[in-house]
Amino acid sequence: MNAPVYASPHAVTTRTTRQIMGMVMLALAPATVAGFWQFGWPAFCLWLVTILSCVTFEAICLQIGGRRAMPVLLDGSAALTGWLLALSLPPWAPWWLGVLGAAIAIVIGKQVFGGLGCNVFNPAMVGRTVLLVSFPVLMTQWVNPQMLAQGTDLSLAVQVGLGGGIPDAYTSASLLGHVKTDLGRGVPLLEAMSAFTPGQGLDGSRAGSLGETASLLVVAGGLFLVAKRIIGLRIPLGFIAGLCVPAAIAHASAPDHFLPPLAHLLSGGALLGAFFIATDYVTSPSSPAGQWIFAIGAGLLTWLIRSWGGYPEGVGFAVLLMNATTPLLDLWARPRIFGRSLTGRSLPARRRQEFIR
Amino acid sequence: MQEVLMTLIGLVLVNNVVLVRFLGLCPFMGVSRKLDSALGMGMATTFVMTLSALAAWALEHALLLPFDLTYLRILAYIVVIAAVVQFVEMVMHKTMPDLHRVLGIYLPLITTNCAVLGVPLLNAQSGSGLGMSVLGGFGSGVGFTLVMTLFAGLRERLERAGVPEAFRGPPLAFITASLLALAFMGFTGLVPAH
Amino acid sequence: MAHFVIPPIRHLLTRWGIHPDAHKFPAADLGIVDAGLPPLIVLPLAQQAGAPARPVVKVGEHVLKGQRVADPAGAISAAVHASTSGTVIAIGEAPMPHPSGLPGLAISLRPDGEDRWVELHGDPYPIRLEPAEISRRVAEAGVVGMGGAAFPAAVKLALGQRSAIDTVILNGSECEPYLSCDDRVMRENAADIIEGSRLIMRATGAKRVLVGIEDNKPEAIDAMKVAAHPFPEVSVVKIPSRYPMGAERQLIYTLLGVEPPAGGRAADVGVVVHNVGTAAAVWRALRYGEPLIERVVTVAGGAIASPRNLRARVGTPLQWLIDRAGGLSRQPARMVVGGPMMGVAVGDLDIPIGKGASGVLALTHAEVGEREPSACIRCGSCVSACPVGLLPLEMANRIHAGELGQAEDIGLRDCLTCGACGYVCPSRIPLVQYFMHARGELVALEREGKRLDRVRELTEARSGRLEREAREKAEAQARRKAERAAAAKKETAA
Amino acid sequence: MSADRLTSAHWYPGLSLGVVMLATTAILALGQAGTADRIAQAVADDSRQQLEQILPAGYADNNLLADTLTLAGPDGQPLVVHRASKQGVLRAVLYEMSGHGYGGRIVLLMAVDTDGRIVGVRVTRHNETPGLGDRIEVARNDWIRAFDGKSLQQPTPAHWSVKKDGGDFDQFAGATITPRAVVGIVRQGLEFFVAHRDELLGQTGGQQEKRS
Amino acid sequence: MEQMITAVVSLTAIGSGLGWILGTAARRFAVEGDSRVKEVEAMLPAANCGQCGFPGCAGAAEAIVAGDASPTCCPPGGKVVALAIATHLGLTLEDDGVDEGPLVAVVEDALCIGCTKCYRQCPSDAIIGAMKQLHYVFAEACTGCNQCVEKCPTGAISLQSLPATASTWVMPKPALAA
Amino acid sequence: MSDSPSLRHITRDGLWDNNVVLGQMLGLCPTMAVTSSATNGLGMGLATTAVLVLSNVLISALRAWVVDAVRIPVFIVLIAGLVTLVDISMNAWFHDLYKVLGIFIALIVVNCAVLGRAEAFASRHPVSLAALDGLVTGVGFTVALVAMGAVREITGAGTLFANAHLLLGQHFAFLETKVLPADTGALYMILPPGGFLVLGLLIAGRRWLQKQIDKRTADVAVAAAAH
């Protein structure tokens, strides 16, 4: 009786939480490096500051909560949250914005709920959205790409990071922001779009946040995770469908007012959202049906907010909104239990007649 | 038709009674610990809000406006609403015990829910017609039910999470509500304000 | 040639189950070896599903090999036979393979070394026997399912008399890692199995036999196909390797595309499922009259020096088997009876194997992979692994919060405790332990509730009785008084 | 009749609620009667203050609330125009104009003198983002005062836009739509003035100010 | 003045009308229930805030009387109300102790003198035995009511938790947080 | 509940132990809606306090004459009457503040705190206690509102007691402080979500403080026992 009780199974996979988080970071790395290439030292410094702040705040919270910090810090989830937050900030935002965002993401978005696995909203998106609502100007200031080519150096990074503001020569508008502004002025869509070519979305050579520019690399990273079976295809596909199908219909009916689906897909945080943000395990449903509903809903809301709402970009809000439905989806969109109907009743006794001769 | 739809979207998503207009917060906080209660409360509130919007409109146009008694609006509205709610509750209790078990028990709570008075008052302020008044009451009720349901789902899940001592219960509920309101801010501007 | 059954395309699309490391070799490639006679045999009385058997021998009595030492107790139970000749030295508690480590009742036998059989009554043409006679003889032989659950085989065979059975499925999937006893039996005794399956078919009134074998056992498939060749009603079907393919309902679904109703039985869809080893045992019981006193056991695991399959007598202690397999090459982290996914961890090597024990595993730290659980990251791996379509994380979560009823609402009853979810969890959450705990609690609650009901009845009965007694006493008193009064009257009158 | 019997009578609930209503209503009616004038006064003061705040101190001496006329506004809806005069001389007309900003309708009150020059502009209602668009409020920023003294001639119509669009007026960092909208509304207001100049200045009780 | 009269008259009429309707309805549609529910409801703050998790004070009162809720379930009422209700209903408040599972009486053989006091006391006939003979508690029928323990002159009876056997054993709950 | 609680007890209860907002979580709508600045919070708090005191007194005085069938309507009518009076008075004398607090003055009627105190306390206690209860409840409410308003205003707009002169007159204009440079606050805090967040944090803070106090008193008790 005193011997420890071991319940089955007596074997487990070799995969661990830390490995999973590490793999996601690995998948993010190419797109991030491409971002550094485009936006230079300031972007790199902001990325570093944000991740370090996230890990620091996580450590502080664990300390206050009286929990052993080391094993939890090593699971890598805080660093991943910081990474994704950094990818969704304007690359030349001042450092304090990254620190504040990290504090919000980790403390308000995660630790008050009880830490990893307990939070109900996506911490990185909580951080980003609170910042967006709080500091709309800073959060919608974008810079031209190809910064390294233009010769930004570390001193500029420090100057920008400490809040010195962005020299006018570098500022630019993101596609969604630009289109929203111009549509607001009554400029027809085609004219508003003329400054952008679709190819820019693929290689990342246009204004935007670190993680939204190099779409090809984001997708590649996402597919790597799919291949490694870390994420499934339901959420990315559902998200893309939810965004592109209504966009295609609307664009077909009023090309002057609605962006084409490809522009939606290649701009803003759509792909990052589809592969890395909506897929966050903790805040998305775990059943297949729930995941479809969640993803399609998030894509649809993204399109709605982009096309009709006051904010130029909707991925963050859409993800948070669908996060709120996750518990209900987990409850109401459960898989059918083997041997039961969808409503949970036992299936009737039945046999395959064709086998009986 | 489009206007009705727009108004509904506006009431449910953009200017949600609870999260944006700050009405009916006490039941939102109080009756959202269990999903079933939240749903029941939401439906009962929708019913009463629709009814009270109708009653208030009638009162406004039959008595208060013709006789220039608008300063008695609060008094007249609330007494009629309170009485109607209590009456409905009593009748339902006796004649439809099954429905009462589902909805009726929430009715007395609703008298002290400021949304039920607030929505008719707002209607009166904006001088809405009968249709829009009733729609306003109904739409606000639907918005209330929607966020109640979402919130109750979230709270049920949090009930099982390892929340730190200092935040367990109401504090975390408020923080969750804050993030829910943040999410709903995404709908800002979805419907042009009139 | 037996006709082909094309597995329904649906099972290629469904994505339940897992692919754990198989670890089947080298044991699967080595022939079965006899484990020999241990110095002590311990025959558990509760080695079958259902009620423990009732001993029919006394301490000190000498028994022969194959002699019945315990009778089945009730409809679902099985007889126990001596697995060698020798003297009964004890009837009482002995260590048992049970997760609690608690002992159970057993008959201990000191072998006399002669291994002398009782007289056996076989039948040269058992296929001509009446169905009822077949299941009677199977019951006589104490045959139970050898696929793990150890359900009395005769009970299932008798099913044909109650429900219409059209298909017998032989379960040769052996999806648990490490285990290869069924594989070996299929390779070495294919003919026995096929003969046995035809007996089962006859007993249940079925029209055909399907033998499902996972595609990672090509030799077994070949051997079985050869053996099945003469019988058109027997088909051997290759099925995908996936854990838990061997679970009864999942196997039926894979082979036939029908789902047995939850809470119902295989018989509801006209099917009886038996392990291949069971079929062989049925054949031996009828053809030669041999009771089930030995079985093939896989002795394997990283801490076993030379893993192999042993033909072992029921009641052989683990230590003996391990020694036959070269002994321990290093200190094991965990000893398991059964497979690694559903087996029972044991802490005592004196524990005997029963009829249902398919494996004895000595697992190393690396193999067990034990680690402190961390928080559930809701990765959903457990959900995609679950063969039943449950949400293991949600059930565990509710059980953790003490909401057992809610866990039941979302499917706890349908859980097989197959361990697929526990295997894939990157956070090492002891999911299956939660489910076993909750089920145990629910059963205990039910038991307690029933007990309290009974107590309430007793209490009411007692108060009724007390009342009645009081009334009777009062009446008697009144009577006596009246009598006395009458007597007094009489006296005065006199 | 004892209190208990009284309160359990079947007509008692009606009576008690009736009595309470009677008393409450009576008190309220009295209260209302007592404060009605003050409230009317306060409301009027309020409206007047709103009108007067866009005029320089001592600009007018008439009752702005009383001296009004109603025209058809640019959108076809009736538009109330207040007229400010000093010593009987009409000096400016005040009216509201509205248009769409970033977050919805922006309503401006503007005062235009008889020469078509702006005396003052204030935003009375808007739905712009706090911290961004709300800098058009005079309480937050002096930006709105930049219109003072401007007319359709000066700057020329081509320059009636924000600097970003090649005009004369500043925009805010990160929020161009709102200032653009306000400039547009003000310009529309001036155009309205020009189009209706005669009606606005014509049928006045007082005398027109001399042109300088 | 006229307007004031309209105001007073119309609202008074509305008031008395509604009051009459409610008064009548209260009689016509009266639903009688457990009187204790009403009493408990009267003790609750009647804030109808729902924080107890029940739909209003009436719901909470019903649950408390039915035993589905602890009197401490009402945050606005606080300790005072909880205590008052507990006293009124005869409940004890500190019930959140650890549940050690069912207890049953066990007779220690060496101490039993066969006096049958326990036998006569047991309300559920769980004890078997006769005068001057060893008594035995039939665990299946024992409620653990403690009455026999108090009656036993030699202290032979004690309450113990049922010993686990392989068939009654329950897998322990995993110790570490999920 | 019939025995009268002590004055100290009522005071402590209303201000801290069972503070309407922070403890009982009633009257949340005005709490959230008007606390984008400390001044608004103060105004709303004072108005509510006035209604609370008066309604408690009235209801306590009339409690013997109210029957169950119309209890809630009668209470509500009384409260509505008082609120209308306050509404009219504020409209007449504090017109600017009235414009800010707007519909929430009217909603004092259904502020659950007012009806809650009426039912829970005033209808069961004598007038004097009821008045005290109304006062402390109101003050507790006001304190909570001002605290929330202050936090939200400072973090959201960088000011404190902006526009105090509208409420308190020019003499109090000195209260108006600029804490942060203009336009540097986090808008989140003065927008609706900020209200929820601050209240959540305040309640958590109160809980933490209570724990510290409990610990201190326990320590003191232990020390006293040791003597």
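Annotations for the structure displayed:
Chains: A, B, C, D, E and F, in written order; residue numbering restarts at 1 for each.
The working rule: contacts are C-beta pairs under 8 Å (C-beta built on N, C-alpha and C of every residue); 3 or more make two chains touch, one makes a residue touch a chain.
What you see is a predicted model, and the numbers here were worked out from it, not measured in a lab.
Looking at subunit B and subunit D, the chains that touch each of them are A, E, F.
Contact with both subunit C and subunit E is made by A, B.
The interface with the greater number of C-beta contacts, when A-B is set against A-D, is A-B.
Taking each chain's centre as the mean of its C-alpha atoms, the one that lies farthest from the centre of subunit B is C.
As a whole-number value, the distance joining the C-alpha centres of subunit A and subunit F reads 41 Å. A straight line joining the Cα centres of subunit C and subunit D is 86 Å long.
Centre-to-centre separation between subunit D and subunit E, using Cα means, comes to 65 Å. With centres set at the average Cα position, the gap from subunit A to subunit C is 49 Å. Residues of subunit C in contact with two or more other chains: 99-100, 102, 372, 375-376, 397, 400, 430, 433, 436. Across the assembly, subunit D contributes 12-13, 16-17, 20-21, 24-25, 28, 32, 102-103, 129, 131 as residues in contact with two or more other chains. Along subunit E, residues 3, 7, 11, 14-15, 18-19, 21-23, 25-26, 48-49, 51, 164, 171-172, 177 each make contact with two or more other chains. If you check each pair of chains against the touch rule, the ones that pass are A-B, A-C, A-D, A-E, A-F, B-C, B-D, B-E, B-F, C-E, D-E, D-F, E-F. Of all the residues in subunit E, the ones that touch subunit D in their complex are 3-4, 7-8, 11-24, 26-27. Residues of subunit E touching subunit A in their complex: 164, 171-172. Residues 159-160, 162 of subunit B are the ones that touch subunit C when the two sit in their complex.
Listed in rising order, the residues of subunit A touching subunit B in the complex are 65, 108-109, 111-115, 117-118, 120-121, 126, 129-130, 133, 301, 304-305, 308-311, 314, 316-318, 320-321, 323-328, 330-331. Contact residues of subunit A toward subunit D in the complex are 135-137, 140-141, 181, 184-185, 310.
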